[in-house]
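The structure under discussion appears below in the form of C-alpha cells.
Each chain carries a letter (A, B, C, D and E) given by its place in the written order, and its residues are counted from 1.
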Amino acid sequence: MTLLEVRGVGKRFADQVVLEDVSFDVDDGEIVAIIGASGSGKSTLLSLLTGALHPDSGEIRFAGAPLPQRRRPFAYMPQRDALLPWRRVVENAAIGLEVQGVSRREARRRARELLEPFGLAGTEFRYPRQLSGGMRQRVSFLRAVVQEQPILLLDEPFGALDAITRDDLQRWLLEMWRDSGWTIVCITHDIREAVRLADRVLVLPRTPGALAGEVAVSREIPRGTGMLTDPRVPPLEAELHALLRSAG
Amino acid sequence: MTLLEVRGVGKRFADQVVLEDVSFDVDDGEIVAIIGASGSGKSTLLSLLTGALHPDSGEIRFAGAPLPQRRRPFAYMPQRDALLPWRRVVENAAIGLEVQGVSRREARRRARELLEPFGLAGTEFRYPRQLSGGMRQRVSFLRAVVQEQPILLLDEPFGALDAITRDDLQRWLLEMWRDSGWTIVCITHDIREAVRLADRVLVLPRTPGALAGEVAVSREIPRGTGMLTDPRVPPLEAELHALLRSAG
Amino acid sequence: MMRSVRRGLFATGGSWSERLALIAAPTIAFLLLLAAWQGVAVAGLVPAEMLPAPTRVVSAGAAEHTALLRHAIPTLIATVAGFALSVSVAWVTATVLDFSRILRSALLPLLIVSQTLPLIALAPLVVLWFGFGLLPKILLVAFVTFFPMVVGLLRGFAEADPEAERLLASMGASRATVFRLVRLPASTASFFSALRVSITYAVVGAIFAEYAGAVAGLGVYMQSAKNVFRTDLVLAAVGVSTLLTLCLFGIVVLAERVAAPWLRIEQGRDRTHRGTRS
Amino acid sequence: MMRSVRRGLFATGGSWSERLALIAAPTIAFLLLLAAWQGVAVAGLVPAEMLPAPTRVVSAGAAEHTALLRHAIPTLIATVAGFALSVSVAWVTATVLDFSRILRSALLPLLIVSQTLPLIALAPLVVLWFGFGLLPKILLVAFVTFFPMVVGLLRGFAEADPEAERLLASMGASRATVFRLVRLPASTASFFSALRVSITYAVVGAIFAEYAGAVAGLGVYMQSAKNVFRTDLVLAAVGVSTLLTLCLFGIVVLAERVAAPWLRIEQGRDRTHRGTRS
Amino acid sequence: APNGASAGENAGSTRVTFALDWAPNTNHIGVYVADELGYFDEAGLDVEILPYGSTPATQLVSAGEADFGIGGQSTVQVARTAGLDLVSVYRVTQRDSGRLVTLADRADAERPADLDGMTFGGFGSPLYSALARATIEGDGGEGSFEEVVLDTGAYEALSQGRIDFTLSVATWENLQAELDGHPYREFRYQDFGVPEQQSTGIVSSEAYLEAHPKESRAFVQAVARGYAYAAEQPDAAAELLIAANPDTLGAADELVHASARLLAEDYLTSPEREIGAIDPEAWDAFGAFLFDGGFLTDAEGRPLTEQPDWSEYATDAYLG
C-alpha cells in the first residue's frame, strides 16, 4: 500500500534552486534510501516532509490525503544526533512525546521501556557526553521510534561514525526493522549503506531535477557479512555509481 | 627494497596502553594501508614515525639505519587538512619547505609549480575558506608531496569528505601515484578505501597487540569503477572484516 | 572573558598534584608580590601615607574590623540586590531580543554605546536623580553588570544546536517551545560565564555609587579613610571589597556546579574523538 | 564579549537592505530615546541642572567646543599611549604565559583578582605615586585594558588548531617556530575581539585618572563643569568621550579588516557543510 | 615619587606647582592675582595651578606631587599629626569662614539644635562632621544626624532638599545661594562654642621648604602680594580671577565680585597682624578642640595621648 506520495516537489533558497520536480512513492513497511552528492538537497527534502520548510511547488500526500500542516505522521532522526547535553538519556529520548503533549512522566515511562531492546539498559541517567558515539545514535533513534509515527525519516543516521561502529549500527538497525513494521526513509551519501539498508534506492541528481533513477535491492540479498560476497551486490553498486555520476 | 622497518613498537599514555609490539615493513614504491577501529592507535602510530611522540619500546629503522631524531624522511598529511586559514593556498602548500629552512620565495616557487598537476590551477591566492573540501585535501596533499621526502604518511586523508568527493579523490590519488615513485603509508578506518588504495592492508587490533593480520591486494585488480564488479575484491573485504572483528 | 581561565583554576578533573599546583603556584606568586611590597614599604622608600606595608594594612584592618564590617554590609546588600535586578531584567531583555531580530539590531548597539559612558561622571547624576538610598547603588550595579549579562545570554541562545531546534520544530513544537526546551537551557554555560564576568564588576559598581553619595558602605568608608590620610585603611577596605567579590565569584562557581552538572562532565571518549574530525 | 555583537553590526556580507536595517534600526531607537529624554526635560518634570534637554546639551557643547576639544586631546593621547603600552605588554606577557604553564597558573589568578580592585579608590594613590603628568593616566588605561588583552590573547593561542601544530612539529619545527607560524596568527581573531572590548574601557580609564588628578583632560573638564553645576556641559563631555571611544572602536574594526582579511571570508560551501557534521 | 613638579626649569624661572582644594573660587584669589599680574614672574617662578581632583591637595603636597597647595588650619592639624609632611606657610582667611547652613525657608530648622536626626551632606571627612556635631551640641542638641558623603554635590543636594544641612564657605556658597534667590540660614560655629580658626591657608612640605628655601620665600611673598592686592582692590582682583578661569567663573561675575568684597572686608586681613600671618591662639585653641574631641591620631593610626606642639605646624618664616 502506498503510504507517502511526493509529486513534483520543488524548493529554492533565494536565488538558488535546490530541488526541482522530485517525485517518488513510499510503500507501507518499506525502507527507501535516498542518495545524492553533498548539497544535492537531501536534507532539504526531509525538511519539506517534516514541515520545517514549505515546498515552492508540488504536493506531498500521506495515505491518500494532503499532509496536515501540523502533527505530521513522521518521526525524524537528524543528521547528527542533536541530543540535548543537559538532558539525561531517558529525558532526551522522551522529548518528542513531551512536545506532542504527553505528560513528562508518561513520556519517560514509554521511553524507558525501549531502553532495553535498544541496547541502552543502564544508561538511563547518563548525560549524552557520557555515551559513546554509537550509543548516542541509538538514543537518537530511540527518540524517533518512541513517537510511534507511521514513517521514520533518517538523515544520514550513521554519517558521523567511524566505519566499524557504523557497520555495527547498520546491522542493529536491520534487526530492529525486521522485528517491527516500520516504514523508513533514509538519506545517505554512502552507496554501500544505501544498498545494505534499503528495499529501493532513489538517486537525487547533482543539479536540481527529477530523480536520476531508482534501484531496487532484493530482500533476498543477505544484509550481514554475507552481503560482502554476494554477487548480486556489485552490479547494483556500479549502477548507483553510474547514476550518481551521470546526474552530475 | 625495504625502506621502513617497524619492530615491536609500543606506546602508552599514562595508564593506558595504546600500542604494543607492532611490527611491519614498508617497501620502496609501495602503498601500505593500515586499518583499525577508532581509538586503536592509528594516529599514534604515525606520530611515532614523524617523531611527534616517542615509542616506549621497539625500534623504527629507515633504509637500514635507526631513524634520526630530527629531519625524518617523512612528509605527513594529517587527518584533517590542517590548512592555516590566514595563509593563501600557495603559502599553505609551501609551509613545510619553509620550516625546513628553504627561503620563502623558493618554497613558494616550488609549491606553485605543483598547483597545475594537482588540479589547483587558479587557486594560488585563495584562502582555504574559499576552497571546497576536495580542493582543501588536495592542497594538504600537495603540502606533503612538495617536501619531497622518501615516504608519505597519510592519516585518514579523505575521512572528512562525503562519499562522492572521496571517491573522486581516491581515483585522483591513484593516478598521481601511478605517475610517481611515491612510497605511501595510509591510515584509514574504511575497508573499501584501504583495498582500493593499497598494495597491502595491515590491520591494527582493537586491543593493543601485534598486528591482527595483513592482506595483500593484487595490482591486477582495477582500482577504478571496474573494482566494484571485480570478483577478487569481495573476499578480500570479507577477510579484512573478519580480521577487524576477531581482533576486537 | 573568564572562560579560558576557568579551564585553569576551576577545571574539572585533573590529578591531585595538578590541582595542588594550580593552588600553590598563584599562592606563591601572591606571597612574592606581598613580600616585594613589604620590602619597599619597610625600606622606607616611600612614606606610609603613600604606601603602607601590607602588614600594616592587615593590622589596621583588623583593628577596625567592626567598622569595616558595618560598611561592608550595605555594599553587599546593594551588590546582591543590583545584581539580582540586573540578572532578571537581562533574562527578560535577552529573551525578547532573541525573539525579535529588529529589536535586537535596534537595541544592541545602544547597549554597546552605554558601555562607553564614563560612570564616574554619571554616578553623581544618578545619585542626584535617585537620592542616597539603596536605589542609586542598585541601579549602578545593575548598569555595569547588565550588558555582559545580556550579551552573554544572547550568545548562549545562539549557541543552541540548530539541528536540535530543527528537530523540535519537526515534532511540531512552537517557537516558544523550542526556546524553552532548547535555546534557554543551551545558554546555561554562557549564562554562568557571563555571571562570573559580571560579578567581578558588581561590587566595584556599588562602591562607585557610594563615592557619589551614600550614607554607608565601603565606598563611604574608603573616602573617609582617605580624608583622614589613613591609606592603610583605604587599602584594608579595598581588600575587603576584593574579598567580597571573590566570595560572590565563588558562590557563582558553586551555583554553576549545582545547577548545571552536565557542564562538568568530560566529553565521552568517542565523541571527543569524533569532535576533532570536522 | 563583543563577538556576537559583531555578527550584527559589523557582519560581513548580507544584502544592502539588511545592512540598511542594521543601521536604521539602532538609529531610530536612539532617536526615540533622545525624544523621550527631550520630552521629559521640556515638560519640566525635572530641573535642568538635574537633567538638561539633549538640545541644550548639544548647544552648550557646541558653544564650548574649543574647550571640549582642548580637553579631549590630552585624554586621547593618554588613551592611545596607555592602550599601546597595554597591548605591547599584553603580547609579551601572553607569549611568556603561553610558553610556561607554571607561570600561567601562577599569574592568571592574580590578574583576575586585579580586576576586582575598585579603581576609584586606587586612582588617587596612583596619582600620589606617579604625579600629575601623563604617567598615571597611561598606567590606569593600561591597567583597565591589560587583563582583557592578556586573556584574549591566551584564548587566541589556545584556539590554534592542534593538528596544525602537530603537523609543523612533524616537519621538525621547534616550539618557537610552531608558536610563530601557528599559535600567533591563530590568535588574530581573538586578539581583535579583545581589542574591541578593551578599547571601550580605555577612554573611561583615562577619564578616571583625570578625576583623581590631572592638569587637563575630559575628566578635569567634567569635574569643573560639575563643580559649577553645568550638568549640560558634563553631559556634553560625556558625549565627547563616547564619541572618542566609538572612533577608536571604529579604527580597531578597520584595522582588523585590513590586517586580517581572511577573517572576513565566508566559509566555503563545502566546508561549512562539513562543519555541521561533527 | 619623582618631584617632576619642581624639576622643570624654563627660561631661567623655577617651576612651582600649586594644588587646589576645590574648584577655583575667591579663596584662591591671591594666587591667581599673583599669577595674572606677573608677581610670580618677577620672583622668577613659573607657577602651575593644578585643577581640583579627587586626590586631596594636602596629600599631593605631602607626597611631593605638588609644591604648595590650599590647606586650612584644621586640615593641617589633623594631617601633620597623622604623619603627613605638611607646614602651613600662609593664612588666607584670618578667621573661620566656614558655616553650618540650612535653607532659609525651612521652618523646621531654625537653629542648630533642630538639626538632630536630620541628614547632613558631608565631605567624607570626620573633621567636618565633628564641626557640625559640636555646633549642634553647643546649641543644646544631641549632635546625632545621618551623614551622606557628597563632596562638591552637597550644595546642589541642599538646594533640592535631598539633604537638610551641610557646611559651606560664607564667602562663596552662601553668596551664591543668595544670588540664586534661595538663601541659606547660616550658623557660625563660633557662636556655638567652637573655637576660632584660620580656616583657609596655604601649605607646603618640610621636604620642599628645606630643599627650596629661596623659591619658597619668593612664592609665599608673591602670594602675599596677591592677597594684599585683593584686599585693597577686590573688584580688580575679582576680574583677574574671572579672567584666569573663564570656563568655570565666566558666568559668575556677580558672585565673584561680591565674594571678593566680602573677603577683603572681613577675612583677608586682621588689624592684629600682617596679612597671611599666623594667629597662634587660634592654632592652640582649635588644636585643643581637636585633641579633646579625640579627632587626632598619629602616624600609626593610634589616638594621640599628648597634645602636639602646634607652633611647629605653621610658620611665618617665609612671609618676610
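Basically, a contact is a pair of C-beta atoms (placed from the backbone, for glycine too) under 8 Å apart; a residue touches a chain by one contact, two chains touch by 3 or more.
Quick caveat, the model's predicted, so the values are computed rather than measured.
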Shared chain contacts [chain A and chain D, defined touch]: B, C
Farthest chain relative to chain A (centres taken as mean CA coordinates): E
Which two chains share the largest set of C-beta contact pairs: C-D
Label of the chain whose CA centroid is most distant from the centroid of chain B: E
Between chain E and chain C, distance of the C-alpha-averaged centres to the nearest whole Å: 41
Cα-centroid distance, chain A relative to chain C, in whole angstrom: 46
Centroid spacing, where centroids are CA-atom means, of chain A and chain B in whole angstrom: 33
Centroid distance [mean C-alpha coordinates] between chain E and chain B, Å: 84
Per-residue multi-chain contacts in chain D, two or more chains: 50, 120, 124, 128-129, 163, 211, 219, 226, 269-270, 273-274, 276-278
Shared interface positions of chain B, touching two or more other chains: 38, 79-80, 160, 162, 165
Multi-chain contact sites of chain E, meaning residues that touch two or more partners: 1, 56, 59, 63, 153, 156, 160
List of chain C residues in touch with chain D within their complex: 1-5, 8-9, 21-22, 25-26, 28-30, 33, 46, 50-51, 102, 104-110, 112-113, 115-122, 124-125, 128-129, 148, 151-152, 154-155, 158, 162-163, 197, 200, 203-204, 207-208, 211, 218-219, 222, 226, 231, 234, 237-238, 241-242, 245-246, 249, 274-278
Complex interface listing, chain E residues touching chain D: 1-2, 4-5, 17, 22-23, 48, 50-56, 59-60, 63, 65-66, 152-153, 156, 160, 247-249, 251-252
Residues of chain A defined as touching chain C within the complex: 47, 50-52, 70-72, 74, 76, 78-80, 82-86, 95-96, 98-100, 127-134, 136, 147, 160-162, 165
Residues of chain E that touch chain C when the two form their complex: 1, 56, 58-59, 62-63, 78-79, 82-85, 119, 123-127, 146-150, 153, 156-157, 160, 162, 297, 299-301
Partner chain B, residues of chain D touching it in the complex: 161, 163-164, 166-173, 177, 181-182, 185-186, 188, 260-262, 265-271, 273-274
